[in-house]
Amino acid sequence: MQMGLVGLGKMGGFMRTRIKDAGIEVVGFDPRPEVTDVGSLAELTEALDAPRIVWVMVPSGEPTRSTVRTLSETLSPGDLVIDGGNSKYTDDAINAELLSAKGISYIDCGVSGGVWGLENGYGLMCGGAKADVERAMPIFDALRPPGERADGFVHAGQVGAGHYAKMVHNGIEYGLMHAYGEGYEILDAEPLIEDVTGTLRAWTNGTVVRSWLLELLVKALQEDPGLAEISDYTTDSGEGRWTVEEAIRHSVPANVISAALFARFASRQEGGSPALKAVSALRNQFGGHSVVPKSASSQ
Amino acid sequence: MQMGLVGLGKMGGFMRTRIKDAGIEVVGFDPRPEVTDVGSLAELTEALDAPRIVWVMVPSGEPTRSTVRTLSETLSPGDLVIDGGNSKYTDDAINAELLSAKGISYIDCGVSGGVWGLENGYGLMCGGAKADVERAMPIFDALRPPGERADGFVHAGQVGAGHYAKMVHNGIEYGLMHAYGEGYEILDAEPLIEDVTGTLRAWTNGTVVRSWLLELLVKALQEDPGLAEISDYTTDSGEGRWTVEEAIRHSVPANVISAALFARFASRQEGGSPALKAVSALRNQFGGHSVVPKSASSQ
Amino acid sequence: MQMGLVGLGKMGGFMRTRIKDAGIEVVGFDPRPEVTDVGSLAELTEALDAPRIVWVMVPSGEPTRSTVRTLSETLSPGDLVIDGGNSKYTDDAINAELLSAKGISYIDCGVSGGVWGLENGYGLMCGGAKADVERAMPIFDALRPPGERADGFVHAGQVGAGHYAKMVHNGIEYGLMHAYGEGYEILDAEPLIEDVTGTLRAWTNGTVVRSWLLELLVKALQEDPGLAEISDYTTDSGEGRWTVEEAIRHSVPANVISAALFARFASRQEGGSPALKAVSALRNQFGGHSVVPKSASSQ
Amino acid sequence: MQMGLVGLGKMGGFMRTRIKDAGIEVVGFDPRPEVTDVGSLAELTEALDAPRIVWVMVPSGEPTRSTVRTLSETLSPGDLVIDGGNSKYTDDAINAELLSAKGISYIDCGVSGGVWGLENGYGLMCGGAKADVERAMPIFDALRPPGERADGFVHAGQVGAGHYAKMVHNGIEYGLMHAYGEGYEILDAEPLIEDVTGTLRAWTNGTVVRSWLLELLVKALQEDPGLAEISDYTTDSGEGRWTVEEAIRHSVPANVISAALFARFASRQEGGSPALKAVSALRNQFGGHSVVPKSASSQ
């Protein structure tokens, strides 16, 4: 079997290794000459025998959309494009329609597992037509973790379902990480707890809260006790925002996921929170602290 | 009429003025010689004719408790103590029992209005026996705003009810201020809005969100456009915490008031949020950003 | 002066009265024959002398958009359309562009005050070109509350700014109402508070939390003690959702406004919360309550 | 080795089995004659050779406190009591002091794992003196999961640390479960997702959100598709409340854990939410919906 892979960054590069290790030939394209196999998407197309499968693994938004637009011109009817990036699910219908007009099929595939996927395999959620998914199954099987297929792979629905599932996966991830974060912060603040890292480590086996994320948190604390080298500045890459927007669209009370998202926003307000400046200004107004604006009022 | 007033700080001092203006004689005690009328609580007691009314207006917690303990020794049976500070309502039963053993009555009175109370009158919520409240009514009438008594004064229940009401009042205040703060922050972030202060000012008349706090926010923005001189560091004086604790005790979902409280906590984490450091550390772990620990991962 | 008014529902009808009382001639159109002055938007146009001003006061979304489309065909260059409904601010650019192509001007105007606006005047926030706003000023002056113009009216910015401001106004309104709601619920749960309505009423004068909404809450409690006749089923009309979406777009932590929005969502889940069913199912799984699925587990 | 075990309910009974399987003799006491080995705590004491170890596994609060009080009278100097229930950590100092006066040692031990602990082993967090912990180590080793001791057991600190750690563990558990719950609810609401259970199942291997709780959720959905047999009524057993109270004490912004706790409160308001009744009443007031109190207002 043979496939094209567009985007050989950390995720794409590791995935190439894993797919090759499963005996599938991979022709990779990347703008960086030192990692690419071909010089352009057109050359990538030429290097593959029809009907082709091309996996796109580039940043979501315009980079992915423009890659798909170019592929719609270089590929042939009967070919198949898989978007494995973190695209917004609403992009999938646009991509699928564009390709469909040229007789090209489309699958969206959410990929989870981070850099550990190379070793452990990646959790995959895909959306698309059944025949297309079956055709790409050897690639999915190469990428997913060992063991039962259904424990690491799902054909969640039609085009868009894969990215939708990945979006919600990441929204949950925000909530899980923040729940551990709050618990860590409380433990760390309490003098009774003499061994915070040891306590978290103890939780990794037998307890109700055991998880892979918890194991990673223990690893992080072992590498950097007290997380002294870590800034609390936390970015977000879109899926958390989209999850809350979907919650609003479906009238789902998403207090936990939105709280985790908003905490990230707050972590990036380097000039301070305008909302809290307003609160502070109000306290000064009714407390009469005109001279010492930063002090507390006792109304 | 005659009364004693313990604590002549900003609140106590302004209240003394308002009570005197109503024709009531006030003997004040304060540790600061430049403002006090007498040298001690014992002297205060001597300076008043029995049966006495003594209003305590000192910081909550130990300062108030120790003042009440001393008064329980200097006052006589038939006297009345009013705690007008921001004591936790659970202190009231303790104070009342201590005084009752000496035949002294007790009223707890929540006082709201800040420095503006001198001019506008103070909103009052009190708890205690009906006869005691009636006895102190001329003082309450002096302090409360003009107009109908029920629009600025309430006898909310037995001892403790006044401080309970004031605690909830302040919890609501946290929520109201933060709601305005969030709205201000959104308006301020949106380029379409060319006149943020003007927009808030327009809301002060006719709209659903008009309030005294909104008028104060407009005043603050007029005095300090963009709140450039204000830090977002926001303290809390106890009532917000107690309100959330009471919500927990009564199984009340207090998402809004607790969010406002927690935002204040976050504003004071000068070394950064440990919870978000944990989140960031996790993102580094699964995103593999071992070299650039502060950057975002795209899993 | 003369104007057209499309939409004579509760809001539009009351506004017509207030504008007429200011001496402005109003020709109204409404699909209901018993209230309309003319039979169609075309007739409305004919009934007015050019250059015309037509105020649209119909439900947001398609009803408003289709009204504007029709007006773009019946009106003449130099006319002015004002959308006073609760349209999403992103509709304004579309409406303005459509009308501009025909030489027709456009103002968006957020209107607050509810049914009380007839008597008290309406708070107004508008967006558009300066000349257009000045031209419509007599109408705005008729609608806004008495007193200083800037305390009830703002020209917040270009087209879209008025509805943006109104959207945020309503988002804040969600937060304010829920803060009062939570406080009311805590007071109501606490036996110490013997007079909940009286306590809230006392807060309407002198306190920090006094506001028009608080006065309305007291009125509601006086009319229906314990709110026995009121369901907790609470709808939302869009602005709350949009406010949270804007908060996400601008990376503003909107914990309070979103909590108020989500509580409304939860109030409408008549079959129960799927999220909490999942939580309950999990507790059954690890607590082993296979036989009594609704009971609590003690792990 | 030999020990006493007080409380042979689901948790205690399973733990007895696991300890016995490790070759430790267990004398159990329970008020239910059909499961108990002895008739009273006095008989339990007599049945053991000094120095004794007695593990208490009864409901937290008064049941545990009274058991400890009785044991303080029946046991001898040199004996050791371990409280393995879900006691509040503040009870531990009281228990330890009471026993210490009689020369009896005390360990608090948080136990996690639910009914699965019998098979998998229990995660253990304990607080107490080093010598006491070492003495009870064979019991801890019998209960904890196989593998490295530190991955399922921690001596977290002095007396109280074990229950403190367990409390925070459960607080995190609230947040984790609710994050999954919200994600499940969004997936379930979205028509694109044709196989919700399959999607969750796919996440159990390879993804970032994989965990034991997720596996249990998949199991629950497989047993009861759509969770049709599950009520959303969700109780709480104390640790979630205490965790939020501790967050408040330590000024930790615990938005996620408190949101999860408050959602449980809301699930139990069978007469409806008083806060939302207040919001609804307010909307009626300014929207003028006096005749149709449950409908939405468009202000």
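Per-chain residue numbering starts at 1, and chain names A, B, C and D are given in the order in which the chains are listed.
Just so we're on the same page, contacts are C-beta pairs under 8 Å (C-beta built on N, C-alpha and C of every residue); 3 or more make two chains touch, one makes a residue touch a chain.
Everything numeric here is computed off the predicted structure, so don't read it as measured data.
Number of steps on the shortest path from chain B to chain C, with steps defined by chain touch: 1. Listed candidates were B-C, A-C or A-B; the one reproducing the B-D interface, defined as more than half of contact pairs identical by residue number, is A-C. Relative to chain C, the chain whose mean Cα position lies farthest away is D. Judged by shared residue numbers over all numbers used at their interface, chain A and chain D contact each other through mostly the same positions, with over half in common.
In terms of their C-alpha centroids, the spacing between chain C and chain D amounts to 45 Å.
Computed from the mean C-alpha positions, the centre of chain A lies at a distance of 32 Å from the centre of chain D.
Each chain gets one centre point, the mean of its Cα atoms, and the points for chain A and chain C are 37 Å apart. Annotation for chain C: residues touching 2 or more other chains are 112-114, 170, 178, 180, 182, 185, 189, 208, 213, 251-255, 259-260, 262-263, 266, 273, 275, 286, 299.
Contact residues on chain A toward chain B in their complex (touch as defined above): 10-11, 59, 86, 112-116, 170, 177-178, 180-182, 184-185, 188-189, 213, 216-217, 219-221, 224, 227, 229-237, 255, 259-260, 263-264, 266-267, 272-288, 293-299. On the chain C side of its complex with chain B, the touching residues are 89, 112-114, 117, 120-125, 127, 144-145, 147-148, 150-158, 160-161, 164-165, 168-176, 178-180, 182-183, 185-187, 189-190, 192-195, 198-199, 201-214, 243, 246-247, 250-257, 259-260, 262-263. Looking at the complex, you find that chain D touches chain B at residues 208, 241, 244-245, 248, 251-255, 258-259, 261-263, 265-266, 268, 273, 275, 286, 299.
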